[in-house]
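As structure tokens, here come the structures.
Look for subunit A in each of the two complexes below; its partner is subunit B in the first and subunit C in the second.
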Partner chain A sequence: MDIKKVYMGRSVEEVVRLLGEYENKAKVIAGGTDIVIALRNKVIEPELLIDISKVEELKGIKEDEEYITIGSITTFTEIVESEIFQSNLYGLHKACKMVGSPQIRNKGTIGGNIANGSPAADSVPPLMALDSIVTLLSIEGTREISLEDYYYDSIKENELLVNVKFKKPKDNQVLTFAKLGLRKALAISRLTLSSFIEFDDNIITSIRVASGALAKFPMREKEVEDYLLGKSLNEETIEGAIEALRNSMDERLKGRPTLPYKRIAISTILREILEEALVFEKGVKAW
Partner chain B sequence: MKKRGIGIGVSFYGTGYGNGFPDISRAKARLLPGGRIGIYCGVTEVGQGAKTAMIQIGAEILGLTEKDIDLIHEDTSLMPDSGTAAATRQTYNTGNAIKIACENLRSKLFEKAKVELGLNSTAGLVLDSGEVVLSIFPQKRISFKSLSEIYKDEIIEAEGEFVAQTTTMDPETGQGAPYWPYTFNACAVEVEVDTNTGIVNLLRATFAQDAGRAVNPHLLEGQMDGGFAMALGYALFEDLKLEKGVIKNNRFSKYLIPTAMDMIDVEKIIIEDPEMTAPYGAKGIGEPVIIPIAPAILNAIYNAIGIRITELPVTPENLMKAIREAGVNK
Partner chain C sequence: MVDISLTVNDRLYEISIDENMRLIDVLRDELGLIGTKEGCGEGECGACTVIMDGEIVNSCLVMGFQANGSNIVTIEGLKKDGKLHPVQRAYIEAGAVQCGFCIPGMVLATKALLDKNPNPSDEEIREGISGNLCRCTGYNKMLVATKKAMVYMKGE
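The block that comes next holds the complex of A and B.
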């Protein structure tokens, strides 16, 4: 079926109304870096496209007392260029900078990265490590869901992903990220990891670790979190964390042809995120 | 663990069809209205820079700049056959044919100038910036433009043909000298191998290429960079993943070629040792620039981790498999 109409959405209210009206006949397009490929390959065949790339309310990064909120059509480039992600939130900057190529980063959006649902979405593990909340809007109302739970109850046909938000980090908290791609640009992630760690006098007092491309969708790595909580980072605990992650991968990816490679390669990536956190903790800028 | 290693690859490559096979290039050069020169030959531009190099060779003989020459090519109804743009043969073979055609045209222009200038002989005539000049009495001169106006009803043109000299190998013993000329090169690379991810990172490279004579050094360096990048893809990235005759990596998100981010600045050295049978000594380098790169990379991997790779490409997963099989990584 060919696309019959393209609406250029002007407001969230209008887009939500159109989605309510057309439901499964409509698809939302923002940067188009994923959906255009899906359309060409006829993976999806909507009658109607709703272009949200000009909806001002969905743009930009906002900060208040408690939260940092990223509008869904904020591009990877805008995140990379934002001052907010230069210090202890550097992990998100790094993840967005490793997406595709400059052209893709200029068009691709953070909301699209989440809504597309790829297990290899680069921006999702850091957002999940930040315990982000996704806001979805439909004619039925507003739905807020944690990014961790989102993949079990993802976007519905009548919903618009409005923003993703997370609590502002404290000075003793740091977000890190590492990616294994098979070349230096335009590489789909083979595996990604992100950690959000709170240190108190060398000791990890709070930790969230999220992975990409290690399951059907990005997910929290609770075994690693449990292992590292209450410990300090050193050679022994880093090795222990690698072992913990390998154990849970062995169980989860049993029989997968990619497992023998990924279970070895994971050590470089996990080491990278933990060592970056350690450098931060020691007060030296890793970047 | 990250380990570094250095490797060297060298090659020599016989250019042209070789082995006694007829290898002929033909070209024509013609005086055009306005005193321009047309070079007609079947050279095909495939990105290698033939269009520029062929004009340069003609310009050199006719004492012109590249701007004064029109290259008429890639239309078989307008030009003689110059053979294929293959076998690294165009600069040498068609370059020679153009050189001969332009030398023949030069003789014809001298004959016409002799008549127009009222001279006894063509001896001492030279070409300078679009004019035929008598070197012992430079006031005696006539421009190509004037000649083209005087002889506007006559076609002033000349042909050139170059037949490469190659001999057949002895079919019994395989002995002989099947190619002429040969092109030589050498490449050294330093790599860093991550023994946990299997990623091979190129740190630096030096690449020396013998060209006989570099007709256009910038284009030659471009060829060297291009050959290096292509070989880098062949060595480390490009995998069709053929399964029962079906190409599994059938899109560029899976069939990876190096990006600008994967390519490094290669230190390039041009060696000029003129080949006596070549136009101004210049030999072809098109295919040879790919050859020594993958061996250099594989030798560097061996130097870094002590494992001989015998299958390409060395993708991270393939390298990790080789490491596992070698029992290096526990």
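The block that comes next holds the complex of A and C.
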């Protein structure tokens, strides 16, 4: 590490101004659970490190008529402990609960998870299934981008990730999540899936499915969505959804040594997220 | 150098540190609190666990200057008036301490768990110490120790 200067950020305004002044020579640090290792391994070598972990404006989960907004420095633990993610948004609770260890969850933030850009960022598939919007701020102004497009036009060096927000779910909509890792604790997830489904009398009237670590970055699984839309969930359609996902993986991961394993592995977690949605739809509590 | 002030084990320190120091470096090299151990240096083992503003964190993943204004508890802070903390006593009695390297972090993780949840289930205990690796004991002794500590802490 060869940091020349550190700054204890107090407001969004001054953090954004500093990021603008220092251009590519400054980095922000939130929970530090990714960046401290990167600094020590000299993967990045900023001159200025700006701590944003105490900036009030970036903290907490807010709800208004239309949206739920999660401030970028909200930790995994705060999401796990929030009442908002207890019923039909349980999928995000489950994803955050399965991150790393208690120590990592106490420090790791939702903004850091997105900004770090890992294909295995666990909070991203559920947020993507919710069709979330990311707010980025720089001295040039504010930019709102859907999480799905974010990976094609991701955060710039002078931008601060302010929050991520999504529309409040209706009573007939449910978010589910599943992760396959060798150990629950600490295994950075290899495979994750999340679905956000709207039911009307057993029939799926709207669906978004997102995956983690099935591609270079988390992405929507449109083939699965197209297959399931308009159907009801049962043994046959769950098998059909697994087949649809396998077909699109075969193309995407052609020739990759991990493909045979991933083809088998996804059946377990795709089944898990759909069965959880079914349990919700039938009015039985899964949690 | 950067000036910070932080409270460690109820004592206020006002010090000047190198910008590149992590919290574990501040504790061990600046304050001489060498009870906090460095194992992996990558957030995997929990040997460097301390309690920061009421929550366990890996001090190898926190930058020293980020601890400005914080309240830190390390293993040295658990003993009160010459008496071991109930969790420390329980660990010794249960034979949960072998080589001892993981123990400072393990004890702090156990204490933080019991402070938040005085009646954890077996699963909650295992989850609470899941960020702390021990190469000696196989973790069952930690479970026994935590259950003893639950009883001691209620008696206090």
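Just so it is clear, the second predicted complex is superposed on the first by the 286 of 287 C-alpha atoms of A that agree within 3 Å, B and C clash if a C-alpha of one lies under 4 Å from a C-alpha of the other, contacts with A are read in each partner's own complex, and residues count from 1 in each chain.
Throughout what follows, a residue touches a chain if its C-beta (ideal position, glycine included) is under 8 Å from a C-beta of that chain, and two chains touch if they have at least 3 such contacts.
Bear in mind the structure is a predicted one, so any value in this text is a computation, not a measurement.
Undergrad: Subunit A residues in contact: does subunit B have more, or subunit C?
TA: In the superposed model, C touches more residues of subunit A.
Undergrad: Under the stated touch criterion, which partner chain does A:265 make contact with: subunit B (first), subunit C (second), both, or neither?
TA: first
Undergrad: Where does A:100 make contact in the superposed view: on subunit B (first), on subunit C (second), on both, or on neither?
TA: The answer is second: A:100 touches subunit C but not subunit B.
Undergrad: Could you say whether A:29 touches subunit B, subunit C, both of them, or neither, answering first, second, both or neither?
TA: It touches subunit C, and subunit B stays clear.
Undergrad: Looking at the overlay, what does A:175 touch: subunit B (first), subunit C (second), both, or neither?
TA: neither
Undergrad: Under the contact definition given at the top, report the residues of subunit A touching subunit B in one complex and subunit C in the other.
TA: Dual-contact residues (subunit A): 101, 184-186.
Undergrad: Under the touch definition given earlier, write down the residues of subunit A that touch subunit C in their complex.
TA: Touching subunit C from subunit A are residues 1-6, 8, 29, 31-33, 36-37, 40, 49, 51, 53-54, 77, 100-104, 106-107, 184-186.
Undergrad: Per the contact definition, I'd like the list of subunit C residues that touch subunit A in the complex.
TA: Spelled out, the residues of subunit C in touch with subunit A are 2, 19-20, 22, 41-44, 46, 49, 55-58, 60-63, 65-66, 68-69, 109, 127-128, 130-132.
Undergrad: Which stretch or stretches of subunit A touch subunit B in the complex?
TA: Those residues of subunit A that touch subunit B are 101, 180, 182-188, 190, 258, 260-261, 264-265, 267-269.
Undergrad: Taking the touch rule as given, give the residues of subunit B at its contact with subunit A in the complex, in rising order.
TA: Those in contact with subunit A are residues 194, 196-199, 237, 253, 256, 258-262, 315-317, 320-321, 324, 329.
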